[in-house]
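Look at the two complexes coming up: subunit A is in both, with subunit B in one and subunit C in the other.
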Partner chain A sequence: MLQTFIQIVLVGLAIGAAYALVALGYTLIWNAVSLVNFAQGDLVMLGAFVSVGWLANRLGMPLWLNLVTMLVILGIFGAALAWGIYHPLRNAPQLSAIVATLGLSMALQNIAVIIWGPQPLNFAGPLGTTSVQLFGSTIYAQYLVILAALAVMMAIQHTLFQHTALGRAMRATAQDAEAARLMGIPTARIIAFIFAYATMLAALAGWLIAPLSYVSSDMGVNLSLRAFAATILGGFGSIPGALVGGLIFGVIESAGSFYISSEYIDVIAFGVLIAVLMFRPQGIFGELELERP
Partner chain B sequence: MVSTLRFSRRSLIKGIAAVPLAMPTILGRAHAADPIRIGISGPMTGQFAQNGQWMKNGVAIAVKQINDKGGIKGRMIEVRIADDLGPNPTAAANAVTKLATQDEVVALVGPHYTPGILPNLPLLAKYKIPCLTGATGPVVTQQGSPWVFRVRLNDAIGADLLVKYVTEDLQWKKIGLGYVNTAFGQSGIGVVKASLTKRGVEPALVQAHTDATKDYTSQILAFQQAGVDGIIVWTDDQPAGLIAKQSKTLGVKFGIAGNTAFSQPIFLGLAGEGADGCMAIGEFVKDDPDERVQSWKKLYSAAHPGDEPELYATVYHDAAKLIIAAMERADAITGEGIQQALTAIRDFPGIVTRYGWTGNGDMTHSGIITKVAGGKPEIVKAISS
Partner chain C sequence: MTVDGNTLTMRTLALLVIGVAILCGLVLPQFLSVYYLQVADVTLINILLVLGLNFILGFGGQMSLAQCAFFGIGAYGFTLLQAAGMPVPVAAIGAIAISAAVGMALGWPTLRLKGHYLALCTLAFALIVERLLVNWEGLTNGANGITAIPGIGLAGENDKMLWVLLAIVACAYLLQVWIANGPLGLRIRALRDDPLAAQAIGVDISRLKIMLFVISAAYGGLAGICYVLLRGYISPDVFSWQSTFSYLAMAVVGGLGSPLGAVLGAILYTFVPELLRFMQEYYFAVFGVMVILVITFFPAGLSGLVLSAFRSLRRREKSYARSDVTHHERAA
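And now, the complex of A and B:
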């Protein structure tokens, strides 16, 4: 019984880690430019396709070089999104930019089918179908890879944000872009960097979850919806909130499916989200904004 | 000069007078030369686009064959395609409306998915267009539409035969059920439940998923905890592949059986080694030694080098052949004429089976139980209703 519980929680945390990586992207972009990028889930798909469809299947690139190359390509793509989508619309009504990201989402899905075809692609990942025994439970090793990757990514992010000039500039831009610009920070370039970084996080999530399932044009749709819910659960705009919200959402889904019912899994997961928001509308880590009467 | 002019006028008048007399002939010839349009409503983009591609491939070969022979009554067949996004009711209704009203097709191949065909039942009646579908959900023909002709085994029959096989031949006593939460999965698993109840078996556990579900660990562990001998799953190709793959990874021991998805190339590709041992009720395997299947395999591979036929290309090739046969036998090549001719078809030799119309719209009455061994589905039992 305890073994099964451990399995369920670990699986939930691993799936939640993927939600968290996408949720972090939502949060960083929202903080920087007050834009919800609805194409964030499709960047998950794009990362997986570039890695599997091009770098692995066509070029036969070794796994880790493949990962780094893919992240670089997607990072450049993310920066291009900032220049191509955000900048032209930065002074337009906010809705225009949001609709542009929705359009981008649909375009990316169909472009992926045109480039890589409609048949889903398999990806073995670093460990193939290896399972490990942990506390007497059989755990698919890829789940542990995902959790380790999230931990490493968070350590890198912490170092970047707290101990580098670039990270400080990113934080300053996220807190108040206008003030940061007046302080001499090249905010346009920093925003492009934030887009690049958020895209790399989503692409990493795609690379990590692809071995669990497969690579297909729609693989980011479900993930982006759940990551968005996780962002709200954790507190919109909060970086720890995105992380914790993602992990909690993953565990709720996994445990709810096992202990209650898979038939009502969406009702359970989103029911918990609604319940939390009823008592804490700002989410777990969000700050309540007080308005003067 | 005047004479000539008078002659010319006379000729002109004669010529004008002759036009109405010649019109039926001219129009008749033009009409006879007009192509006959048939439509394909299938998923051409998105997650299910591969199935749409197979539909196109199968139909194209049948159409090319008849056009190379001079068409039907001197008219070539032209195929129009509309993207219905697979199990998407809204997109499927739009696709059929476009094919009926803009392309003016006289018969349809597809929609392929049960959720896609259901909203189209009233539209087919409105536009008077027969459709040949591979949608297997029992609900497709339960509403008694005379415009629907099902070219695959009705799940109402197939699911019952599969339950009979696992309970009697495999002696499964404790059975878990899984289904994709769409009209297709719900109706299929409904038949499985009814069939189990008929045999005095209550499902140990019932689990649902969606086409977007990517992790099945919780569900697989729940089946394991329930101590099932096997699970029967009614779902689409991709979820089927993931269920088998993740069951293998978790090292579970129970058997897996399900609908045709558990023998399809997408399933085999995704499940990998996990596919071995999985059983399915289906209609076609490309390695069937039957002469018709092997000839078809050569024909298909010649048209698509490096590729081999699977169920959907094959069944829709048969569907196109049925439409062509109906056109050849119809009094008039119209939707109503073709519909009438289709209802008269009995024992038509296709590649998958011998098709015959029965009052409810079903044209397929036999199937096979397959089991995957070494990554290939093999026939373990042939069955008929």
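And now, the complex of A and C:
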């Protein structure tokens, strides 16, 4: 009984960690430029496809090189998005930007089918289907890899944000882009960097969950919706909120589908989300939403 | 954003729309095979859906992504009411009423939400509706769907359904133009452009937002009924939450807040790719990019381009009499 519970919580936390990585991307971009990137999930998919379809299957790269190369490629792509999508729409109404990212999502999914074909791809990852024993319960080792990866990323991010000049520039831009620009911070470049970093986080999530499922053009759709829900649950714009929201949402899903009903899990999870939106729109960690023009 | 009726009186427009509808009804069956007639019918249903989305998103500026849910509620509502023994008109009115009521039930609690919050909330709602359609097997027969729905006995008769749908879409189109050009339309656009100012001059924006949800949902429900009449069978995958993005893409590329845009967008998204079947994925990849380009560079969409071309043509005719019109004015 307890073992089942531990297993459920661990799996939930690991899936939640993937949500958290995507949710962090939403949060960072939102903080920097007040844009919700609805294509964040498709960047997950793109990361997985670049890694599996090109670097692993085509070039046969070793795994670590595969991961690094993929992150670099996706980082560049993310910076390109800042110039191509965000920059032209920076003064447009919020609705336009939302619609543009939805268009991007549609384009990316279909481009992925053109490049990598409609058949889903397989990816063994570093561990394949190895299982480990933990507290008497058996789970895929990949789940632990995901949790470890989230912890490492958080450590890196903390160092980056708190202890480097680049991180300070990023935080300053997020806080007040205009003032940051007046202080001599090249905000346009910093924003491009934030997009690159958010894209890399999403792509990393794709690389991490690929061994647990197939790599397909629509793999990001469900993930992005859940990560978005996690962002709102934790409080939009809050970095700890995105983390905790992701983990909580993962556990709710995992526990709900075991203890209540696997068929109705989406109904329950998103019902909870709608309730949160209605009664506490600022989420767990968020501040009360002020009017954004 | 332009409203099509600006340059035309309502009566001219009504005659024009009815004329085009009759022309389509007469001409299309001459040129289209049975299969393409069905595509044309589906295009008409999509026009209805996008017209519905136009009310809330195009005129009202409220980011609702629940149109596919109302589509499904209308279709299943009609089917189940008819199965319960109601005559077609009663079942149809009932289904539209259910859609509208659900629209109100979604609109009222989400009044405070804006932008991406509203987008996510309505998207979550669409997802919940889809899951209910799949999993509530006692009511909906689950993923297998419901087959052999009697409807009005025209299921599969694509040529006759074309007339039915043309009539419905023409009415829905004119109703939208009439509402948009009336005092209600002005209030709706005031809500979109500046909710605070609208409220200050006495527009009850809460009531207005709920009303927009209700009208949108009613259009969606009507489209659902049309789908049942056309196909004679339904299954939940038609009403998947992802499909809501297709309607959004149609609305944007056609031109948000323009009835003509709804028509152009739906044709471009539904009918044209069937003609260009060999380039399916390419087409939709291009369409996605087009959504981005249109929203960035031509927020008024295709209909905006068509209408401004039409207007500058008319102005050029006039400008022969007025030699003092500068090039700049003409371009505007």
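The rule is short, and it goes like this: the second predicted complex is superposed on the first by the 282 of 293 C-alpha atoms of A that agree within 3 Å, B and C clash if a C-alpha of one lies under 4 Å from a C-alpha of the other, contacts with A are read in each partner's own complex, and residues count from 1 in each chain.
Note that a contact is a pair of C-beta atoms (placed from the backbone, for glycine too) under 8 Å apart; a residue touches a chain by one contact, two chains touch by 3 or more.
Since the structure is predicted, the reported quantities are computational estimates derived from the model, not experimental observations.
If you put the two complexes together on subunit A, you find that subunit B and subunit C bump into each other. With both structures placed on the common chain, the touch criterion links A:Glu263 to subunit B and to subunit C.
Of the two partner chains, subunit C is the only one touched by A:Val36; subunit B is not. Within the superposed three-chain model, A:Asn122 lies in touch with subunit B and out of touch with subunit C [touch as defined at top]. Put simply, more of the residues of subunit A are touched by C, taking subunit B and subunit C as the two choices.
Once the two complexes are overlaid on the shared chain, A:Pro62 sits clear of subunit B and of subunit C alike.
Touch criterion met: A:Asn110 reaches subunit B and subunit C at once.
Look at A:Val221: by the touch rule set out above, it reaches both subunit B and subunit C. When the two structures are aligned on the shared chain, A:Ala100 is found in touch with subunit C, with no touch to subunit B.
In the superposition on chain A, contact of A:Ile85 is made with subunit C only, not with subunit B.
Among the candidate segments 4-12, 22-30, 58-66 or 94-102, the part of subunit B whose C-alpha atoms clash with subunit C in the superposed model is 94-102. Comparing the two interfaces of subunit A, the one with subunit B and the one with subunit C have residues 109-110, 113, 218, 221, 263 in common. Contact residues of subunit C toward subunit A in the complex are 57, 61, 63, 109-110, 112-113, 115-117, 119-121, 123-125, 127-128, 131-132, 134-135, 242, 245, 248-249, 252, 281-282, 284-292, 295-297, 299.
On subunit A, the positions that touch subunit B within their shared complex are 4, 7-8, 11, 15, 109-110, 113, 117-120, 122, 129, 131, 138, 140, 209, 212-214, 216-219, 221-222, 253-255, 257-258, 262-263. The part of subunit B that touches subunit A in the complex is made up of residues 43, 45-50, 52-53, 181, 206-210, 212-215, 217-219, 221-222, 225, 238, 241-242, 245-246, 248-251, 266, 269-270, 272-274.
Residues 36, 38, 85, 88-89, 92-96, 98-100, 102-111, 113-114, 218, 221, 225, 228-229, 232, 236, 263-264, 266-267, 270-271, 273-274, 277-278, 281, 289, 292 of subunit A are the ones that touch subunit C when the two sit in their complex.
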